[in-house]
Each structure stands twice: as structure tokens, then as C-alpha cells.
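Below is one structure. I have some questions about it.
Chain naming follows the written order as A, B, C and D, and within any one chain the residues start at number 1.
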Amino acid sequence: MIMRLVSLCVAIVIALVFPLIFDGIGRKIKARIQYRMGPPIFQTIYDVSKLLKTPYLVSGGLMFILAPCIAFASALASITMLPVGGISPISFSYDIFVFLYVEAMVSISLMLAGFSVQNIYANAGANRETMLILSTEPILGVALAMLALLTKRLSIEGIAYTIGVIDYRLLPLVLIAYMMLVYIVYIEGGFIPFDLTEAETEILGGPLCEYSGRLLALFKWALLIKRFTLIWLLASLITIPSVAPAFSRINTVFSYILVLLFQLFIALVLYCSIVANEAFTARYKIDHVISLNKRVFLVSIIFFIVIAVLTL
Amino acid sequence: MSYVTLNYPFEPLEAPPEYRGRPRIDPKLCVGCGACSRVCPSDAIIVEDNYRDGLRRIKLDISRCIRCACCEEACPTGAIKLTREFELASPRKEDFTQIFELRLVKCSICGKPSDYTVRQVEKAKQILSHLPKEEVDEIIKRITVCRECRRKKTIRTTFESIPILGLIRA
Amino acid sequence: MKWTIDRVIEIIKAKFGKYIKDMYRPMANQVIIVMDKSAAPKATLFLLKEAGVPEPQLSTVVGTDERPIRGMFSIIYWVSVNAEGGDAWIGIKTYLHEDDLKIESITPLHPGANWYEREIRDLLGIIPVNHPDPRRLVLPDDFPKNIYPLRKEYDYRSKPTVTPRHVFKRPAEGTVIVPFGPYHAACDEPYHFRLYVKGEEIVDADYRGFYNHRGIEKLAESRLTYNQIPFIAERICGICGFVHSTAYCQAVENAMGIDVPERARYIRTIMLEIERIESHLLWIGIACHLAGFDTGFMHAWRIREKDMWLAERLTGNRKTYGLNVIGGVRRDILEYRKSLALNTLSELKREYKEFVDMLSSTKSFIKRCEGVGVLPYNKAVAYSTTGPTARGSGRRIDVRKDHPYAAYGELDFKVPVYKDGDVLARAMVRIDEVWESIWIIEQALDKLPGGPLRAEIKRIEPYREALSYDEAPRGENVHYVMLGRGNKVYRWKVRAPTYNNLPAVPEMLKGYTIADAPLIIASIDPCFSCTERVLVIDVRTGEKKAYTEREFNYLSIRKSRR
Amino acid sequence: MVMKKRPKLRSIWVFHLNTGACNGCDIEILDVLTPYYDVERFGVKLVGTPRHADVLLVTGPLTRQSYYAVKRTYEAMPLSPRIVVAIGTCACSGGIFYDSYAVHGGIDKLLPVHMYIPGCPPRPEEIIYGVAQLVGLVEKHVRMEYAREDSIGFVLPKYPVSERIRLDLRDLLNKVVGYFDRDKILEDFLKLVEEAKKARDERARLRELIEEYCKKARDPRLCFCINLLEKEYWRLRELYEKKMVPPKIIPY
């Protein structure tokens, strides 16, 4: 129980600090790919802290102010369901559904924000966001469902631990599920070529273009946390099955720290590789993305059925 | 990974020798002929005579200068040059002005300030140095005349030139 | 057989002989034919449509207030004959009396004339009869009726004002209006497109621009002297400024009958090409940026920087070279600068090659450009588009080849042409042209002749007129000059390439999505500060119909990250 | 020399506003983002809307029409810090367009300006310098200069040839190599003349001096000019020794 509380605090701290640092690192990497010196690693922290200091202008209804808060809250909530150092702060059976829901909440609030203002670009951005989540969330759902089926667990922590001891004949299917997850992480994380919602050069920041000061800071922060969460999910699904059982034999605290470090490391690696890839691609158009998603979704459904047949 | 970014402003950086930077008037050389102000396309150099205190004031406004180097081309003494300075940013607009005041030469008749500066006259002498002394002096005497006296002079000469008018005067 | 100017004249004489009042030749390859008011538009259309001359182009239409001289207004339709060695500029001139300022519009049959006629109507009050578009083009909406700034009696400092109003096209049923600008990504200048959108698809578009107007033509007539105008001409546009100053100087030299020293012509050529490289690399960078491919942007501009430094060493500044003066150039290329230039070019070539490979290997970028914003050949001709926009649609025209100026006659280079007419084609044209430019500079530096830089200016006899032209990075750039008294020009008409290309943009936009719009608009490499020298426009009221005041205020002030 | 200090602002989001500029300055602003200059190291970032911006980078002479748009942009910014930077001669004072009917002439006619960066267009370094000054990394160099004749001595440089001849030669060079290189070349030539004056046969001495100068220079252009100067110099000498005013000469 105490461990859970501890890891809750740890999770919150990580969720607040690391997304910003990761973003800074990402910017640095991009800069170097472009032969630039690039901003300091903590640049994003400076940006957010500055935005938090500056006053904001309200150009929408109540939703306009609520949306960023909701986004921020749900982003924070979503990370607490993931294993931090091998222990999810909040874990109960079926929490996988809650996770999905909370995860989607961020995008939804972004949508709401877009529609809450009377601004053609914000609305366009919101439209795109809607199309995106409608086409991607199902895939995420299916991917997690696959894992759930394979492991017969409905809590993320459970899934993570059981994959470690899964029947080796099912491993290929597990890998496929992972690939789905990677794809989702890439899209939902809003990395180029999928950053259509805030495409600066087309719709000038989309839903965010009306925001300023604190609210903007909250929103940006929330989006970064969401990114981080998704990557963290992937990281923990890789780390825990591989190392957690090994360490847990030694001693809880020690293993906790080690696993945490591993997770961070894996997350960082994933993040960097995604960013590096990002630097070499142009933005897709919404119709490209949708058609791509359709195909992926069909594939994932097929595999889902296969798994269902095999496991039940 | 390596990068090409220059470390300016943390390291000083020189503009190339060909660069057309901020223009500057060298007060030692300037004779105040105002050729620069006549060629300047953006009227960045303004020359105004103040007959009361017999001063000519040359005002160079860098914040309006478009760095075309017309002034440098026109200047007979090489007083105004486009330097290589480019670090000009400033929060105050007054910083961009350079003002230089020259004395106007006294009228050879009435002693009021005329339309030429002392230095201009000296320069003229230098240019005419290949002519004999008395010619030069004559020329100088003719040019250093204030507007009023010149007007009078012209009228008188016209009168004298036309015999009938001369008769009328007599 | 070759299309000599005499042959063209013969054709016109054969058909319109009885209307021709007078004919004179300002230059060997230019003729001005004075005709009856009734015949002039017909003759112009005849040249453009029926005469069968190769790639005829309505280069510019110049309206002048010649009342102080002849007591009449005048219009000149300049038609150029391009390609296949046809090098001729035919100016069909007609005089209009003050109390009957009406002339038959040629726009219904030749859409390319749309803007010219509207501009003349706005600035001089010459009304094109049954012109399809009665709206103002150039004048601001808060500018009173019946005041025409280019008439001689108008003082260049006065600012009359009335309450503004502007009418946009009626949106079709079920469409949303997406105002594009005044500040938006596609160009870092204020301009305004209205996209009529269904979902994300664009069904129609309307343009309202002329934001950057600084009154340059009027200033040139009123405040500046012959040798000061090159500097304001340079500031018509900060990207292709040297093109403008060169065109202006050439125009005056033509009118004065000065022949420019060889060395000066070569130096001009070199600088023109350096500028072209700079401009094209800039464009490629922007295109990458608009497609969300920032790495491409950064690398393109990194390479461009070398070119800028070279320009700085040769002329003293990275932009606005301040090199041109009537009768020649102001700075020489000494030996050490020459070798410097050659070294830079070799570096440039290496890096540019790497870059192009990188770009062509980026599938997602190619995907964005391919098959987008298609402008078919016939449309390209109808709108008299020029430069890469035209060459991207398969028109084989390039002023450097068709009407050699500066030193281009003595140099060897190819004119890349692509047939697809989409954004990718235009991009390819520009990418290839950079190679050609490098090659041209190398040649020019190699055979740089000796001799002086400047010709003596003889006595200027007033009211001689002449046309001059050069190939800007964006296309054919035409300047018309009529000399005046007192060290001032009487009339100086600038026609920047974008002026021809822009009206074609709505054509390109139809049927594509908002996401494509910036890329398509940018694909003609619009240069609004070139186009919009004439007057300022206020589009507030046009917007008010669609949005609340606050909403509109906000919309009209956006600008992309760049 | 500028020393490294703690910047006042660590994150500066700028909104770029063109008020009818010619593009020169705008392109240079973009240029500042590119690898060689990369202002992102100071935390500078160009943003899409004034809502996000702390700093307004204004270019252009503020044309009549953009007046309203600029006002609105300024109002759309968050209430603090609302810094305005005027970039380029046009934005600072209207530049060459200053008194046109379509132009207000300078952004300070409308907004309070916190930093002027003149230049047409300013070099990227110049812009960086301005930004760095804004952030408090470097000091101001430029200051108002006032001088009076009395306080400053007058120098009328002496030359080995008579001033009239020198000016004519200078004028000639202006047409041959342009204003930039003329003074240096003329200086060299005058040195040679001075040298030659010492010798008994001046012409011959000057001739050989010039030949060795050309050998040293190894630049056909310089030789061309120097030889031209020599010809012209002797011609003028004769003219003025005969004390006649020279007719307008078109050499070569």
C-alpha cells in the first residue's frame, strides 16, 4: 500500500517534469539533425514557466476555460494507471477501459476547445482532431484488447506482468499487438506526419490558436504529458515483462528504483527514435491519415479474431 | 552531432571589408558642401543654414539611411564613409543621429553670414591652387557674398549694362 | 521561318492598315503603333489570338496621363512575341480624350487583361467598357471615387479618405468562407484570399490584395531623380530587387540610347543569377516548411546562406545590392572577389547536390506536391502566366532566351520545362534552374570583359519612351519608362511577374483542400510587394459579412510561424 | 567585448508582422532561424498568432492600410509584456518611402517601440545583436554624436598632385572601377607619383614604377586602372600647366 502511495507521488513528479525535458531533448536532437546548435535542454520548461506567468485572454465560453484543465487533469490521471517502477499507483481490474477513456479525454477536450470558439481555423483543427481520434482510438482499443485476451488480464499492470510469463508460442501475436501500439503511439502523440491538429502553416495552431498565457501553458503541458504517457505505456510493456520479475526477487525498493530507471531509459530511447524519424518526414493530409488508419484497423481486427479463436 | 551555428554574440564577429554599414561623417574632413544631402534618395542627410548665428548644421539620421553609399560616392573630400559597423540596435531613436555644425563665411560686403562655410572656401582655394593668386582671390571675393548683397549687386550690374537705364539713373 | 518584328508589323498592317495613324521604333525589337481608339483593342486581341505568332503574351498595359504634353490620355497594350527566335515587342497605342475615357475591354476574350484594365480604371479613370468585374482592384476601399492618383494634378502626399466598402464574390450554397490572410503562412506579406470551402475541399476562391502598396510609381515621378530611382526600384521587392533596378536602368538606357559597357552587362548578369539562386533556394525552403518538413527548410536556407555571403562580398550587402546606376554598375569585380566567387560556387554545387538527393528521397514531401494545384497548358496561356509557373505547365518561354538582355545573348544555358503543371513540376523547374544559374555565373566570370563600368550620360531629350524586360526568379518582369524634364521620369510603369501569375491561382485552388492551399499559393512564388506597388486596400468590410467584428479582427491578424 | 551573462528572458515567442515591407527584412528574420544563426538558442520562437506572442517584430513603413491590422494585432497580444521591435530602416523611420501618400512612416507613429534595429535590410547578426540587447546579453554601442567645427580641427589633406587633377582622376576612376575601390587605387597611384617626383626623368621613373606595381598586384583590373591613370595624369598636367580649364573628357 505504501509502495502504491510512493509510486503515485513518483508518477506525478515524473509526469510533470519529464515530458518537458523529453521535449527539450527532442528539440535538441532535431536541431542537430538540421546542423543547428539548438535550444538548451530545459527550453520547454522555460517556455511553460513563462506562459504560466503571463496573463491570458478569454475569447470563448465556459468550455474555453474548462477544456485545458480537463485535458491537464485527465492527462495526469492517465499516467497514474501505468506501472511506475513496476507498481501502478492506481490499479484495479478493468482499469484498462478507464485508461482508454481518460486517454481519449485529452483529445476530446482539445476538440471541445476547438469548437468552443467561433474561429474557422480552430474549428478546422477540431474537425481534424475528431476524425483522428475516431479513426485511431479503435485501433488502440483493439491493440489493448489483443493483449488482454492473450494475458487474460484486464488491468494494465496485470497485462504487463503476465506477458513476461506468457506461452512462447503466443509471442508472435504479442509482437503484432506491440506493433499496433507503436503505430498508435506515433499518431496519438501527434508527431509529424500526424500533427494535423496544430498544423501551424495550414491552420495556424488549430484549436490552440485562440489560447494564450496560462491556459495555453496548461494545454501544451497536457498534450506533452499525453505523448509521454503513451510512450510510457509502451516502455513499461517492454520493461516490466523483461526485467521486473528478475529484480523483484532481490528486494522491493531496490527493484523499484531499477525498474523505474529502465522504464525511463527505454522511454527516452523510443522518444528519440521517433523524433529523429519525425525530422525526415513532411506532414500528411487528413485523407491520407484516415485511409491509412482504415487499413491498419482492418488488419488489427483480423488479428484480433485470430487471437480470439486461438485463446478461447 | 556537429553544428554550423556561429557563436555570435558571445564571440565578436567582423563584417566583411566590402560591407556597407553605418555611414559616418568625419568632422575633420567635412567641408559642409552638402553634396551628400543632394544625392541621398531617402533624405537621411539634411543640411540647414542658420543665418542668425551663422552656422550650417548637417544632420545625419542613420535610422532613415538605406545604405546605398550615394553620399560616399558624391563626397569630394571623402569625409562621409560607410563603415563596417553593424551593431546599431538601440532602444532610443536619438542615438541614431549624428550632428555636425560648421561656421558660415562672412559676406565680403556687409559681413552677414553668406551661403558658404569657411571650410568650403578653403577647399575651393585648394582646388584652384593651379591658378595665379590674384585670380583666386577675385573668385573668392565674388562667391563669398550673402544673398541680399548679391541681389543688390545683380540689379546694379544690370542697370549698368543697359545704357538707357543708366541714363535714367543719371 | 523566323518571326522578325517586321513580319509582325506586316501582318497588322494587312489587317488594320487603315486605322494606323503613326508608327515608331523606340528600339530595334520594339515598335509602337498608334491606332484609332476603336481598333486598338481588336488589334491586340488579333495579335494574341488569331495572328498565329508564337507564344504571344500580353506583357503589360500602360496608361499614362499625357495631358501636359498632348492634352490626352494614352493607353499602350504591349504584346510580346516569344520563343522560336521571335524577339518582338509590339506596343499598340491609342489616345483618349479627357471627356470620353471609355475603351472596349479585352478581358472577356483574354482573362489575362483583367487586372491591367482594372488598374487603369482605378488609377487614371479610363473605363474598360463591359469588363466582367466592376470591382476595384488597386485603390483602397476607403479611397474616394473620381480621384485618380496617377493623374498629374494629384499630389503624392495627399490622403483623401471615405468610409470603406468592398464586395466579395457571393459564396455558393452550403460553402464556408475561409479567409486566408491578410497575414498567413503562404507568404510573409499581407494579402488576402477568400476560400469558399465545402468540408475541407475548396470550391471557389477570390483574391483581394494590394496591401503592400507604398506609392512607389508616384514617388518616382514626383520626388526622386533618375539616378535615385534604381534604389527605390530595388526596394520594390527585397527578394528580387536587383531584377527591378536592372529593368528600370535598362528601360532608361533604352530610352536615352545609351549603350552600356560590356563589363557592366556581365556584372549585372552575374548578380541577377546570384539573386535567382538565392530566391529559388528560398522558395524550396518555404515549400518544405509549408509541407511541415522543417529539416528541408533549414538545409535549403543553410545552403542559401553561402550565396548571400557571396553577394555581400561582391556588392556590400546581402540584399538590395545597390549596384545599378543608369549607364552601368557601381562596383567592380576585382581578381580576389572573382576567385572568391568561384570557390563559393563550387561549395554551393556540392552541398546543393546532397540537398536535392535528400529532398527527392523524402517520399512524404513529394506526395504533398504531386498532382496538386494543377494548371493545364491552355489555362497557363489564357492567363499569360510567366516564369516557372508557365514553364511548369509546359510553356517554353524565358525572357533570357527569347529576348536576350544584359549578357545572356553571349552565354549558354538551358530552359527547363515540365508538362505536368502541378506544384511538383514548378518545384522541379526551380530546382533545375539553380543548376543553370550556377553554370551561367561560372561562364560569365570566366569571360568577364575589360573596359569601364559606366557609360557617359548624354543630353536627355524628354518624352522618349521605351520598354525593358528581364526574367525575374518568378517570371517575365516588364518596365516601361517615359523620360521627363528636370531630371525626373514622366511615367514609370512596373509590371512584376506575380501580377500575371496571381490571377491564375484561384484556378489552381479549385478542387483541392485547405491543407493544400498554402502550398498551392506559394507554388507560384508570389511576391506581393512587387505586385502591389500601386495602392493600399482595406478589406475589413468584406470580412464583416462573414464574421462578428471581434472575430474578424482576430482572423485578419494571423501570421504563420516562420 | 560582450561577456556571457544571465539573460533576463529565457523564452521569447515572437510574432512577425509585415506592415508593407519589401520582404528584405522579413526574409532576414526567417534567416535568423536558420542553422548559421539559430536564435532558438536564446529561446526565440516564431509563433503563428499574436495570442502566443510576447514580442512583436515589425517590418515595413506602416502603410496606410496595414495601420488597422497592426493595431488589432497589438490588441490581440497578451497584456504583458507586449514588447515591440522595429526591424529595418522602414520600420524605424519610413526609410526611402517616408513621405509617400500611402505610408505613415515608421511603426513608432502607432506603437511604443522597445528596440530599433535599422538596416536595409539588417544583417542577421544585426538582428541577433538587437535581440541579445533586448534580453540583456550585450551593451548598446551606438550613441548620438554631436560635433562643432570649433571643437574639432580641420584637416585639408596635402597630395603630391594638385587637388584639381586629383579630383579629375578620382572622377575617372569612379567610372572605371566604381566608388568602392577608387580611393585605394588612387592612393597607390599618388604614392607612385610622389616616388617618381624624386627622380630626374619623372615620366620614365613613373613608367617603371607602374610596371613593377603591376607585377606585384597580379590583377589585370588594377593594372588597367593604373595605366589609365598615368595617361590621364600626364594629359591633365599639360592642360593645367597651360592654365586652361579642361573640356569634359571621355577617356579610353
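Here are some notes:
Everything below uses one rule, namely that contacts are C-beta pairs under 8 Å (C-beta built on N, C-alpha and C of every residue); 3 or more make two chains touch, one makes a residue touch a chain.
Everything quoted here is computed from the prediction, not taken from an experiment.
Common neighbours of chain B and chain D (chains touching each): A, C.
Pairs B-C and A-B differ in how many C-beta pairs touch across them, and the larger number is found at B-C.
Taking the mean of the C-alpha atoms as each chain's centre, chain B and chain C sit 39 Å apart.
For the pair chain A and chain B, the distance between C-alpha centroids works out to 70 Å.
Centre-to-centre spacing of chain A and chain C amounts to 49 Å, using the average Cα coordinate of each chain. In terms of their C-alpha centroids, the spacing between chain C and chain D amounts to 28 Å. Among the residues of chain B, those in touch with two or more other chains are 3-5, 18, 41-42, 66-67, 69, 73. Multi-chain contact residues of chain C, defined as those touching 2 or more other chains: 185, 231-232, 235, 298-299, 302, 316-317, 320, 330, 554, 558, 560-562.
Of all residues in chain A, those that touch two or more other chains are 31, 33-38, 200, 204, 209-210. Chain contacts in this assembly form a complete graph, since each chain touches every other chain.
Across the complex, chain C meets chain D through its residues 140, 149, 155-159, 182-183, 185, 188-190, 211-216, 218-219, 223, 231-232, 235-239, 241, 282, 297-299, 301-302, 305, 308, 316-320, 328-332, 334-336, 450-454, 456, 527, 529, 535-538, 540, 553-554, 556-562.
The part of chain A that touches chain B in the complex is made up of residues 31-33, 35-38.
By the touch criterion stated above, chain D contacts chain A in their complex at residues 9-11, 13, 34-35, 38, 40-41, 43, 45, 47-49, 51-52, 54, 76, 78-81.
Within the complex, the chain C residues that touch chain A are 176-179, 184-185, 200, 288-296, 298-299, 302, 362, 364-365, 367-368, 513-518, 547-548, 550-551, 554-555, 558, 560-562. Touching chain B in their complex are the following residues of chain C: 224, 227-228, 231-232, 235, 302, 309, 312-317, 320, 322, 330, 337.
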